[in-house]
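Shared between the two complexes below is chain A, which has chain B as its partner in the first and chain C in the second.
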Partner chain A sequence: MTTAVSRVGDSRTAAAPARRLGRLQREGRAAYLFLSPALLFFCVFLILPFVFAIILAFSDWGGFDLGTLKWAGAANFRDVLSFNGTFVKPILVNTLLFAFGSVFLATFGSVLVAYCIDRLSFQGFWRVLYFLPVVATVVAIGNVWKMMYQPAGMINGVLNKLGVNSIGFLSDASYALPSVTVVQAWASIGGAVLILTAGLKAIPEMYYEAAEVDGANSWHMFWSITLPLLRPALLFVLITQFIGGLQSFALIIVMTGDGGPVNATNVAAFEMYQRAFKYGAWGTASAMAMVLFVIILAITLLQLWIARRRGEETS
Partner chain B sequence: MRIAKGLRLAVALGLLATGAAACGGGSGSGGSGGKVELTLLSHYSDGPSKEGLDKMIQEWNKENPKIQVKSQVVKFDDLLTTMTVRQTGGRGADIVSAYGLWGGQLMKANVVAKVPDDIATKIKAEYSPAALGAVTTGGTLLGYPTELNTYVLFYNKKILAAAGISKPPSTWAELADAAKKTVKRDANGNIQVEGLSLIQDGDNKSVHPFLSLLDSAGGKFLAPDGTAQFDDAAGKAALKFEADLAAAKATNPSIMPTKQFRSGGVAMAIQAGWWIGSLKNQMKDKYSDVGVAAIPGPTPGSKGSLAYGFFMGVNQRSKHADEAWKFLTWMNEHKTPDGKVTETGKWLADQGLIPPRTADQEEYKKSLSDPNLAPIYEAATYAMAEPNQPGAYEAKTALHNAIMGVLADGKNPDDALAQAAKAVKPQ
Partner chain C sequence: MRRRGGKFPWVAYLVVILGAVAMVMPFLDMVMSSFKGAGEYGVIPYKLLPSSFNLDNYREAFSQLELPRLFRNSVIVTVSVTVSVLVTSSMAGYALAKLRFRGRAVIFRFILATMMLPPFLLLIPTFLIMLNWPLAGGNDILGRGGDGGLTTSLVALILPFTVSGFGIFLMRQFMVSLPDEMLEAAKIDGANQWQTWRLIVLPQTKPVAITLGLITFIGTWNEYIWTLLISSSDPSLQTLPVGIQLLQSFLDPDRTMPIVMAGLVISTLPVLVVFLLFQKYYVRGVVLSGLK
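Presenting the complex of A and B:
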């Protein structure tokens, strides 16, 4: 009896993994089948264009007709990365200054604003107020600031009242990039404020109560409790804003038209667009896109590495 | 099991549908029941330009039920992008209207078809040299010349008179003197009246006025092989002339003449002839203050201008090229009911543009309704045609950056020109 039971038990235990494997395989196939529309979409609209962009980066192509595509080797990269050209300096330098500048100002501003809002009444109202620029179109924002920056605009009007001569904020090559950077930072504060406010809400109140009992002042509490516990939210804001800053050029088109004066506000994404759609130099444009991709990847990895070293959850 | 089979079938069908969608489309239009539908892509999207073109198309469609033309319009700023995207996707229009400057890259990318020999011979015989030059790339005619624009000097008679200047300047020295005398600034340095505007709205806005001055000094923009020629003595003199005006604060690139001339904020501007139509609409009674003269050169009697044009050509991928050429020939050659000018010539003249056909130009010159049009028509006989070989657009941007470096950033003109010339790469 015992033997018969154990035999039955043996055959059951031997058949169970096979059945489980079969079920898992069936489930896996079904899962892939359900995923296939999304995977297909991903392939058609992301993987294929990316592969095509890589091919174009090594080709000479004027657009329009795929039959005219010619292999160019590394010539486009040599052209793009040449120090005699305009891409590395001033365009790439402008791109980094624009991205770093706007991220720095937006992050600093949004931490300040979120911290203040967290201590005010009518928090919903303040959040909506700061979020409005995110909802407004870039064209509207760009044009409003463009008018304020004009020689006879509001900002110069205030400067004139203070006895300062008018400044060509958008026409002077020294001021144009900082002027546009400020607007980009201002326009992106709202989104960051929302994320940081959520981060602030997640910090347990007991830490502040304990610090208060220990006699900590507001600055100590901010520096030693708020900022360290806000790091995951800050990391998210930094990475997304930085990637956005490196790829952004709509505001520049609205405010300075052609990346001027004298390429002072020209950035990589805008130059890519111009090369491809204006001059029909798709190979050069794709090579620029690859260079920008590598830069974004490197900076994002660096940010993640720094965050991991400080023990943040980044996955 | 049935469900899995169904899913597989659905995925396979989805793949097929996606593939079919990706590979589908074709050039331009199709035909059904012997009827051909041609598409015409242009930037004539509003006002008299749209109305005039639509009227001609309606007339053609009525007379030719088997060859129907459908107009597709976009704003000028979107025209090249639309053309690029649609052509690459296999949905290019049968007939394309394009800016002459794009001709080189459109030809290099096999977008525009060769003009049939008999039509090309007629066009070459019947159109003005400036119009032909603006739509010819390396000896190849791209299509029927349509819009033709030349650059002239616009001035505000009242502002010049108030500065004690009774006639428009006829040399660079007089032009600089008039610009310096008419410029006005307030106590804070804000410009109230700009002396001479050396920029215009639009693509590479500083280049067209510079090329007009370069032409007046006998210089050239690009050689036929695409190498830079603007960095010679004539180019240096023209840019130094602009640099001196910028140093004297008589010109300022932050002032937009298209916005500020009408309200008396600009005394003189180097602009294209099409501006007349806008000024008439915007200034109403005050238009009588506007004067137009040839752009003076460095020496007495010398003058210069730039001519740029548009053309209508046939898409190399069109399945109905013969029908397309048939329509274009009719559109450009049939005359108005009084038989004096072509319908296309009238359509362009009604917009304040110069008709590119020599006979139309002569006819309109006989009875110009506005004396300000005379210098604009006259410029068509001596203006430098804007070069349009592959790479010309990039060369123009390089030159624009050089000029703005001088006007807005105080760079040395010779260094700026040398740097721009280095950036010009013949293709």
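Presenting the complex of A and C:
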């Protein structure tokens, strides 16, 4: 008696999972079909090149025939990281100065501008103006600034009017890197302003009202309400711009052509590009790419770690 | 705006206007220089305005730069990449958002991770892979023997950008919020997954598709390094930014710069118009990508 009952129950409970399993399998097959273009792409244009980049960094290869590729061990890295070469100093130092400098300027500028825009009318209009450089191609940006930096350009024109002698912004080795850094910062302020404005909008009005009741002035409010609550947006801006700054070299190609004068504006990613495509030194170039990649990874993890630790302390 | 202790809005106005001038002046200089005639550019003291607004530089740009060819290449590459990114992103996004299958979490995490690999790292190996692409440009099945592989056609400018990890992520985030009931109803009516995606899901994704399409369009139109690399041995593959940049290397700069500026005005205009028309969507995309 009980067996019959339980058998009925069994068959009912067994059928449903079977049907569900069938549906899941069908869904699974469909899902992989939908994903197949993307997965195939990532295999060919992401995983394969990534593995290839690692192999190249440890090999000695100057040609196009893979048969002539030789394992070189850590020789490329010894070469690249040797203090006698140019990669560590000045190129890697330039890279860090360029990235740090532009991120510092852009972050400082964008916090100031976003905070001010947030208090004005026609906010959309202002944001669009600041966003123009983000939409323009690096060729346009680089050439216009190159033109403005010339002795007969706009900036020296203004300086001359003020009684200051012309400055060789791009031709003088001591001014070249800061000059390019300013352009990188100028071009990235718009994107940062946008993200920071969104961050500002997310701060509840009541915090400011409460602070006002307590007699806080604008400065207090900025330091103890705006800045702490803006931190997630700020962190995102810092990390993405820093990663961008460390690897960008299109601006350098356009503005100084060869990273000159005498390596003054040469950065790691550009040196990698030159070594690979001008001299065919795939191994050395790939080792440079790896070194830069590890630096980017380390700095990103450090920033995330600092953010998390700070977050725990305050909350 | 009275909020946020706005007691001195004039200070805010001053900061924002000064900054805006710094943002706009270079573009103004670009436009003005594009009208400067012979002997007007590269002269001290600097003058912003040209003596007359003649169109000589624009005419020169059309003939010397072969603008129509550059323009055609730019359009082909940009449209192909944008369409492809939209299709592949919405397909993969649908699977990740609405279908249940083994390995979903792993694949989603993998796609997030793809955004971490910086492009410069893959530049050399990707170039070598394109060069040794099997059965392309005279290569045999092992990718040997030919001259150039895939790098001899516009395919080289399109293929490496056809899928975007960011695009998949954006689509997936949007599609998660679509109501399941709608999809269930379609299934009960006998639609298969393909039909559900094509007829029910796709039309709903219009807002996020416009956002992603714009970001991709602007990014591809302005792409420089990869195109420079691929077209270095075959100038017929140049797009607008690369063609305009390379004009300078073989002409007198004081004469060339105004022509270059005219070319840059022409190449910037399409992006600018598209951006201004759809800036609401573009801005949303930037903000979305910032807030995760």
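Note that the second predicted complex is superposed on the first by the 273 of 315 C-alpha atoms of A that agree within 3 Å, B and C clash if a C-alpha of one lies under 4 Å from a C-alpha of the other, contacts with A are read in each partner's own complex, and residues count from 1 in each chain.
Here is the rule we use: contacts are C-beta pairs under 8 Å (C-beta built on N, C-alpha and C of every residue); 3 or more make two chains touch, one makes a residue touch a chain.
As the structure is a computational prediction, the values presented were derived from the model and not from experiment.
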If chain A is used to align the two complexes, do chain B and chain C fit next to each other or clash?
clash
When the two structures are overlaid on chain A, which partner does A:A269 contact: first (chain B), second (chain C), both, or neither?
second
Contacts for A:G215 in the overlay, against chain B (first) and chain C (second): which applies, first, second, both or neither?
neither
Check the residue A:V237 against both partner chains and state whether it touches chain B (first), chain C (second), both, or neither.
second
One more residue to check, A:F277. First (chain B), second (chain C), both or neither?
both
For A:A30, is the partner it touches chain B (first), chain C (second), both, or none of the two (neither)?
both
Going by the contact rule set out at the top, does A:N156 touch chain B (first), chain C (second), both, or neither?
both
As a test of reading the superposition: which chain, chain B or chain C, is in touch with more residues of chain A?
C
Have a look at where A:S171 lands relative to chain B and chain C in the superposition and call it first, second, both or neither.
first
So, does A:F249 touch the first partner chain B, the second partner chain C, both, or neither?
second
After superposing on chain A, which of these stretches of chain B ends up overlapping chain C: 81-89, 135-143, 189-197 or 351-359?
81-89
Need the overlap of the two footprints on chain A, from chain B and from chain C, as residue ranges.
30, 33-34, 37, 44, 64-66, 150-152, 156, 160, 276-277
Would you tell me which residues of chain C are touching chain A in their complex?
1, 3-9, 11-13, 15-16, 19-20, 22-27, 29-30, 33, 41-48, 88-89, 91-92, 94-96, 99-102, 104, 107, 110-111, 114, 117-129, 131-132, 144, 159-160, 162-163, 165, 168, 192-194, 197, 218, 221-222, 224-225, 228-229, 232, 240-242, 244-245, 248, 257, 260-261, 264, 267-268, 271-272, 275-276, 279, 282-283, 286-287, 290-292
Touch list for chain A against partner chain C, complex:
24, 27-28, 30-35, 37-39, 41-42, 44-46, 48-50, 52-53, 56, 64-66, 109, 112-113, 115-121, 126-133, 135-141, 143-145, 147-148, 150-154, 156-158, 160-161, 186, 189-191, 194-195, 198-199, 205, 208, 212, 216-218, 221, 226, 233, 236-237, 240, 243, 247, 249-250, 253-254, 269, 272-273, 276-277, 282, 285-286, 289-290, 292-293, 296
Please name which positions on chain A make contact with chain B in the complex.
26, 29-30, 33-34, 36-37, 40, 44, 62-68, 84-86, 150-152, 156, 160, 165-166, 168, 170-173, 258, 260-263, 274, 276-281
Can you list the chain B residues touching chain A in their complex?
4, 7-8, 11, 14-15, 18, 22, 80-81, 84, 87-88, 92, 105-106, 108-111, 188-191, 203-204, 252-254, 390, 393-394, 397, 400-401, 404-405, 408-409, 411, 422-423
